[in-house]
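Read through the structure below, which is laid out as structure tokens, and then see the notes.
Per-chain residue numbering starts at 1, and chain names A, B and C are given in the order in which the chains are listed.
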Amino acid sequence: MAQSLQFEHKWDYAPAPEKIPVQIDDRYGLFINGRFIEPASDKWADSINPATEQSLFKFAVADQSDVETAVAAARKALPGWSGLPAQERAKYLFRIARRIQERSRELAILESMDGGKPIKESRDIDLPEAAKHFFYHAGWADKLDYAFPGRKAGPVGVCGQIIPWNFPLLMAAWKIAPALACGNTVVLKPAETTSLTALRLAEIFQEVELPPGVVNIVTGAGQTGSALATADINKLAFTGSTQVGKLLARQLAGTGKRLTLELGGKSPHIIFDDASIDQAVEGIISGIYFNQGHVCCAGSRLFVQESIMSEVLAKLDIRLASLRVGDPLDKNTDLGAINSRQQLDKINEYRKIGVEEGASLHQPSTSELPDKGYWSQPCYFADVQPAHRLARDEIFGPVLAVMSFRTPEEALSRANNTPFGLAAGIWTDKGSKIFDIAAKLKAGVVWCNTYNQFDASSPFGGFRESGFGREGGRQGLRAYLELS
Amino acid sequence: MRTVTVDRVMIEARAASFTRRSIKEAAKLQGLCMALSMTDLTTLEGKDSRERISALCRKARQPAADMPDLPQVAAVCVYPNHVALACELLAGTGIHIASVATAFPSGQSPLELRLEEVRQVVADGADEVDMVINRGAFLAGDYPTVQGEIEAIKQACGDAHLKVILETGELETFDKIRLASDLAIEAGGDFIKTSTGKIQPAATIPVTLVMLEAIRDHFLATGKRVGMKPAGGISKAKTALHYLVMVKETLGDDWLTPDLFRFGASSLVNDIVRQVRWKRTGNYTANYDVSIG
Amino acid sequence: MAGRLRVLKTYKLYINGDFPRSESGRTSKVLGSDGKLLAHVCKASRKDLRDAVSAAHSGLSGWAARTAYNRGQVLYRMAEMLEGKSAEFSDILSTTISGGRRRAEREVGRAIERLVCFAGWSDKYSQVLGCNNPVAGPFYNFTVPEPTGVIGIVAPDEQPLLGLVSLIAPVLCAGNSVVAIGSDQHPLATAVMGEVCATSDVPAGVINLLTGDRQELAGILADHREVQGIHAAGVDTDTRIALEAGAGENMKRVTVRNITGKGWYDDRDCHSPYWIEPFIEYKTIWHPSAC
């Protein structure tokens, strides 16, 4: 394929920034017992807009005593909340869902400013899905006894929840909605680079008159999280790195606290020669470049059947050339800013490692990157060997490792050659092959002829070192219930 | 020729992504003018009259009297009976004369009659021929017949450009639309075109994307550029911009020319005029402010 | 009996369908409640445990790939073989545990019931635990349980047969393979259970049974990266912490049951699919639905 296409010069899109004004306070305290309060620590930190490197606001850094105050508030609210008639509990969740929908435009902008993701993604995915999680779980509140036949379902108690920076509001919804539906109370710790939308969600809790203490939000970094894990909670739910997940598992051993972990991944994406190739290429694109690749289930290892490798790479080049990297608030931006300086450094380090290991870097995007901010051009590495670090480590950025295979057996053994097991993708037009491969992949979510689809009703979570427990669907409730 | 399959859900998702592009300011104005210059202004009614053809041709030359700087359309598209008149009215303007031949819209005539019709419209002055494929043969799986007919019609066209109408609304699945696109391109069509406008659904963004991908694959394999014409149901300026976004992001900027992309439309021109006028004056236009064309 | 010297049996380990002695050569004495020597059992070493885990690993894929119906048949066959050996088990249990013959018979009987129960569950639990998910999009979406992998079992000292069988049966029924550490106070039930497995169509490697120092072996199990889950009961606090901390090694799924005495006879609890659930992985599959 010597031909190439070009995507500029004749008709270029004008800037299309989202212009709705949003209000951000100079600083946000901790949300405890229904009110925003000053932290006992009296420590504050800056939240940086990764597209400008400017401080967006200051958040409180909760120390152990702040965390204990929050946990005590949740403990105090527990009998009242779990004792509410279930249908009343449901109606609070419905109210929250509605307010998220009504304020979604504002929240989407805030999400993009605080975290760097393109506005089209926060607008079309994060916000609608966050609302949906509350709607979906609201309806479960009074039906829990039907979810686990033969058992009476009751709450676990006070739940500590620690969430990552890649989907700040959506992860808050994933965690809070099922916990509340099941009658638990919550202390949530958002990631230190992205706590804004969780704090704005707290405003929504106030608006809908959620009883004080039912949800408490403590901001801060790893130490705050560690304080939460060791506080007087009944359950810890953590989404984040496998490394931290393992530490938490050790920390909680023998404490009787329940634990669910949604950790990292290095998900394989397998393209067979009988696939619909143009759509498979779309799947590859959304699989690895969605949210700048800051996705735990990103399809970061691509396995292409040898006979179609050149065609797939040619089309990947074309598609990458048309991707638009830049201002997260521009409605036409496909890839926004990398979430933090630290993450950008990590991505750049892996790009360097990739080249040093002998893989070949392809980076066809022609977008001009802004002077300020943290940016990474979407890229892929060809000629990657399974032993390369590019093929083994989670990078959490727009970096794809491409490898080939000849037979389904080879594809499977390579795909499963990882300690992770979060997700996988398969592209083939043959139904029987789909079922065979899907059954043999060690992954909690298998996307066949699609990728990166999510739904509140669909359980999400990993095999192996990608964690345990599921989020979403009937199975996701299990983590927040005691069965008797 | 390899049979290419199309996954409907994924291609529809990709198609929808084009409609979420935000085209503003100068890019919008440029896009609207581009769309105008790519329009095959069409009338294909049993009741078409000399007067109607005249009005259409006037509109083709000058879409809005108060904005003489707007580009003229690419072509007018009429039934064979009106080709001579249209040629007369548009002589020297550079506007192409397209005619639907081959027993449009059903194509249900003997091949010899269809070929004769093509020769006739070309003789009458049409420099573009919009043919329909033999859907009966296609759906029956008789692809050699379909391809052979297109080749024969291409030959009958002589120098006239051939647009091959697949009538995608009758082919139904994207796999079949892709197959028909590949056949039509292989058989020598200069353009492939979605619809006659007589069958619903007519042009849609996903269907057009399927066809654009066929064009792209042909280009990547051979270096030859085939044109695309969605037709039927495209009446809003905003929709036209979505199509242009799709063309740009699928085939690149080289396809953003009337030589390689056309809209088969009638009321689209007036909506573009309204939009441009609004952009320029800040006022919304009433229906009676634009002329019937 | 006087005048004839009994042949003293040394019970061996059960690994990969064979009955090896411990590679360490270590054995321990088993005494009856009357203090008389009954037999010797092998004392499994770290290496025996490692061999058992690799056997379980090689047995896993074949077992998981069997039809659920077939796994049910094998479990039922185990129940049949256990029934056939019920007198021997009752002898062993009543000789080594206070409570007499009636108690022992009751334990053996319930162990058989448990196998029968999970034989029946094997082709049903996925219907109870799995489901279709009504996603808001043009997708067919469903969730199915799949086996977790190699599961380490740490059986309790009390109810050494019933406890062992109760911990193994739900794990096995879901297509996992097993490395079980039996009671060290009452190891004979575990040892004879190997003979049941060997004669009841359980493929080699699917069940591996070890006797020895329970606490020491449990610690090794907890840290083994090729063990994907732990099902334990009757362990002390330190062992519990060690087992749960194993999750920090390779994200093992660890279930330590606080079940004692009559609890083992509570069928509402022990026969429920919620005993299977900790040892399955939910896999959710998406496919577009459109032509």
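Methods note: a contact is a pair of C-beta atoms (placed from the backbone, for glycine too) under 8 Å apart; a residue touches a chain by one contact, two chains touch by 3 or more.
Being a predicted model, the structure only gives us computed values, none of them experimental.
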With centres defined by CA atoms only, which chain is the most remote from subunit A?
B
More C-beta pairs touching across which pair, A-B or B-C?
A-B
What is the distance, in whole Å, between the centres of subunit A and subunit C, each centre taken as the mean of its C-alpha atoms?
37
Determine the centre-to-centre distance between subunit A and subunit B, using the mean Cα coordinates as centres, and give it in whole Å.
43
Report, in whole Å, the distance between the mean C-alpha point of subunit B and the mean C-alpha point of subunit C.
70
Multi-chain contact sites of subunit B, meaning residues that touch two or more partners:
7, 9-10
Residues of subunit C whose C-beta touches two or more other chains:
139, 288
Multi-chain contacts in subunit A: which residues touch at least two other chains?
449-450
Residues of subunit B defined as touching subunit A within the complex
4-7, 9-11, 13-14, 20-28, 30-31, 34, 213, 216, 219-221, 223, 244, 248-249, 251-254, 256
Mind listing the subunit C positions that touch subunit A in their complex?
128-129, 131, 133-137, 139, 141, 143, 146, 228, 237, 240-245, 247-251, 253, 268, 272, 274, 277, 281-288
What residues on subunit A touch subunit B, complex-wise?
1-3, 5-16, 120, 124, 274-279, 282-283, 314, 318, 322, 331-332, 429, 449-450
Touching subunit C in the complex: which residues of subunit A?
132, 148-151, 242, 245-250, 252-254, 259, 261, 263, 419, 421, 434, 438-439, 443-450, 453, 455, 457-461, 463-468, 470, 473-475, 478, 483
Residues of subunit C defined as touching subunit B within the complex
138-139, 288-291
